[in-house]
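The following block contains the structure, expressed as structure tokens.
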Amino acid sequence: MFRWFHKLASTRNFYRLAEILAPWLAILCAILLGVGLFQGLFVAPTDYEQGESYRIIFVHVPSAWLSLFIYMTMAFCSLLVIVWKMKLADIVAEVSAPVGASFTFLALATGSLWGKPMWGTWWEWDARLTSELILLFIYIGYMALRASIDNPATRARASAILALVGVVNIPIIKFSVDWWNTLHQPASIMKFDKPSIHPTMLQPLLLCALGFTVFYFVVMLLNTRSLILERESKSSWVQERAAEGRL
Amino acid sequence: MLDSFSTLIKRDLTLSLRRSSEWLNPLVFFVIVVTLFPLGVGPDGQLLSEIAPGVIWVAALLATLLALDGLFRDDYSDGSLEQLLLSPHPLPLLVLAKTTAHWLVSGLPLVILSPLLALLMQLPLQALPALLLSLVLGTLSLSLIGSIGAALTVGLKRGSVLLALLVLPLFIPVLIFGSGCVAAAASGFETSAQLSLLAGLFFLALALAPWAASAALRISVEA
Amino acid sequence: MPDKSLESDSDRRAENHSEGRAETLLEAKSLSVSRGELQLFADRSFTITKGELVQLHGDNGSGKTTLLRALCTLMPLDEGELYWRGEQLPAARDSYFSEMAFAGHADGLKTGLTPVENLKWCLIDTPPDEDACYQTLAQTGLAGKEDLPCRVLSAGQRRRVVLARLLISKAVLWILDEPLTALDVSGRELVASLIEAHIEQGGSVIYSTHQPLPLSSRSADQTLMLPG
């Protein structure tokens, strides 16, 4: 197990693996999203309370899920950077951050779009949306720190510390925002949670969530490949492959 | 070992007292920010007393942030940070000493000055104990959490704006429980829940922040 | 722990100097360090034994400062290991730091404090008493300046405070990056005589310099060339 892990951790092996995996995952992603979105937008029944506007959850919920999932991936990679100084983990964390931030932004935007017909305002200080907004700030801080450190080794470890500090804080922030929300909001307002979801809605939702996750992996693998090339442009194996025209 | 803790506190306090602008400026900033609110929203006493807990807390948070930038910056530029890292004493302890000294000249004056601002903001008198207690626990946590950000950004040019980006989201729970505590006290409710949550945050920060800040300092000195 | 038992016999033989038996203090095994993308040196191995004077030689940008900072564990190593009295760093950091003193480009002095306060509150194992501080400062030619804030001292005078800090630290190994910077002729002679005295007493010094160190009774036991 550990040897397998160690082998994967070499940027060269990962580059190969990503090369093989990415196209297959891209196909899988297209199928999952195609079926999921079709079922969600056309097959699933209309909600008797919210009409058609609820269908945005097929984008909103997977985005919100990914915004957290990607942060957790970054935090896990950061742990590998701190403990084993693994270069590959730093590359994965670096390429994941903008993707995670984009999904966080997408979750906020779709939440706001949904809020208009539901609450009558573009922005409601709902607990989930507020936590999501703070998560976006955390992503931005992480990327800003990365952008301002030139030395790659220093950048890797400094940003890893920040990501780990963030992962300790995220549940605390979530808890405090929920607490703040129950204190300040009248209970009558409809929340995003407690979905009394019909099975015909659940299936496309799960398909979409899975499809989005696979999408993240595809983007992550592709970007990791190009960043590996950039970081290791001087190493012999990259030179060899470049000479053979197989990059 | 505790000798080194008190030595460092003594050294930093002596330095701060000789350079009074260092701790006076954030304090004046605190007062000015709070005065801006009545000018911005109008002098209506009812409204002011309603927003007072939040305003005082946000101002205290920003003042702490302003002061945090200097926590390690001088030590970094004059090389004493290197000497600190090369001292035979455990670095987290020294970081804790620096943070404590920093709180004594930045956080504590805020707490002492806060009743005056409560007066300006028409905060009900009954909320005063809650304000003082929540600010003590809260600014301690803010200094501890902020020390991580200060340590990460100390070697960077224009690090102060970045510091704000990094630590403000992490300050949010302290702000929520702190202002919540004062607001509850102002409306005559029990505040023990908020205070114990603040205390919990403080102990968590006390246990983790010095280690994270030490690791961050070692990294910042490398560059 | 000056009399800690030594490592293998071969190590002991390898670095035998003037005395019959030389104790290995710091050992560097195939160090590689880079600054950013630029690799400064690769696979450097050397040892510093007790009572040894090591000079570091190289042009600007050849990595002298980086090597010295790496020896202090202030810089990460790309590859290689450092051993202090046979124990690997940074695990053995605590015992290393209590016997090592570093003077880098930055003085590490608080300009708002006086020389005496700077010495009194430098964070060494056992804080010195004030008399010792005054005596040491007199030794480095700062008599009469002890209670002025360091802010008003000249760069050369501040370097003398740094020298006093080295003396008062009671460290065995001194790591000095350009110790002659900003010093006048008498200052340079002072550095040389302090280094010689430190070696006489069984201490070790590794230093980098562009100017020749005016040593009177000895020359460097070992010269490390960079790049090499």
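Per-chain residue numbering starts at 1, and chain names A, B and C are given in the order in which the chains are listed.
The rule is short, and it goes like this: a residue touches a chain if its C-beta (ideal position, glycine included) is under 8 Å from a C-beta of that chain, and two chains touch if they have at least 3 such contacts.
Small disclaimer: the values here were computed from a predicted structure and weren't measured.
The touch graph of the protein chains shown is complete. The interface with the greater count of contacting C-beta pairs, when B-C is set against A-C, is B-C.
Here the chain at the heart of the shown protein, by mean C-alpha position, is B. Distance between subunit A and subunit B, defined via averaged C-alpha coordinates, is recorded as 32 Å. Note on chain placement: the centre of subunit B and the centre of subunit C lie 38 Å apart, centres being C-alpha means.
Our note on geometry: subunit A versus subunit C, Cα centroid distance of 49 Å, whole angstroms. Touching two or more other chains at once are residues 150-151, 153 of subunit A. The residues of subunit C that reach two or more other chains are 76, listed in rising order.
Each of residues 222 in subunit B touches at least two other chains. Subunit A meets subunit B in the complex at residues 82, 134, 137-138, 140-141, 144-145, 148-151, 153-154, 157-158, 161-162, 164-166, 168-169, 172-173, 175-177, 179-180, 183.
Interface residues of subunit B, counted against subunit A in their complex, comprise 148, 152-153, 156-159, 162, 165-166, 168-170, 172-173, 176-177, 180, 197, 201, 204, 208, 212, 215-216, 219-220, 222-223.
Residue ranges on subunit A touching subunit C, taken from their complex, read 150-153. Listed in rising order, the residues of subunit C touching subunit A in the complex are 35-37, 76.
Those residues of subunit B whose C-beta lies close enough to touch subunit C in the complex are 3-4, 7-8, 10-11, 14-15, 18-19, 74, 77-80, 82-90, 94, 221-222.
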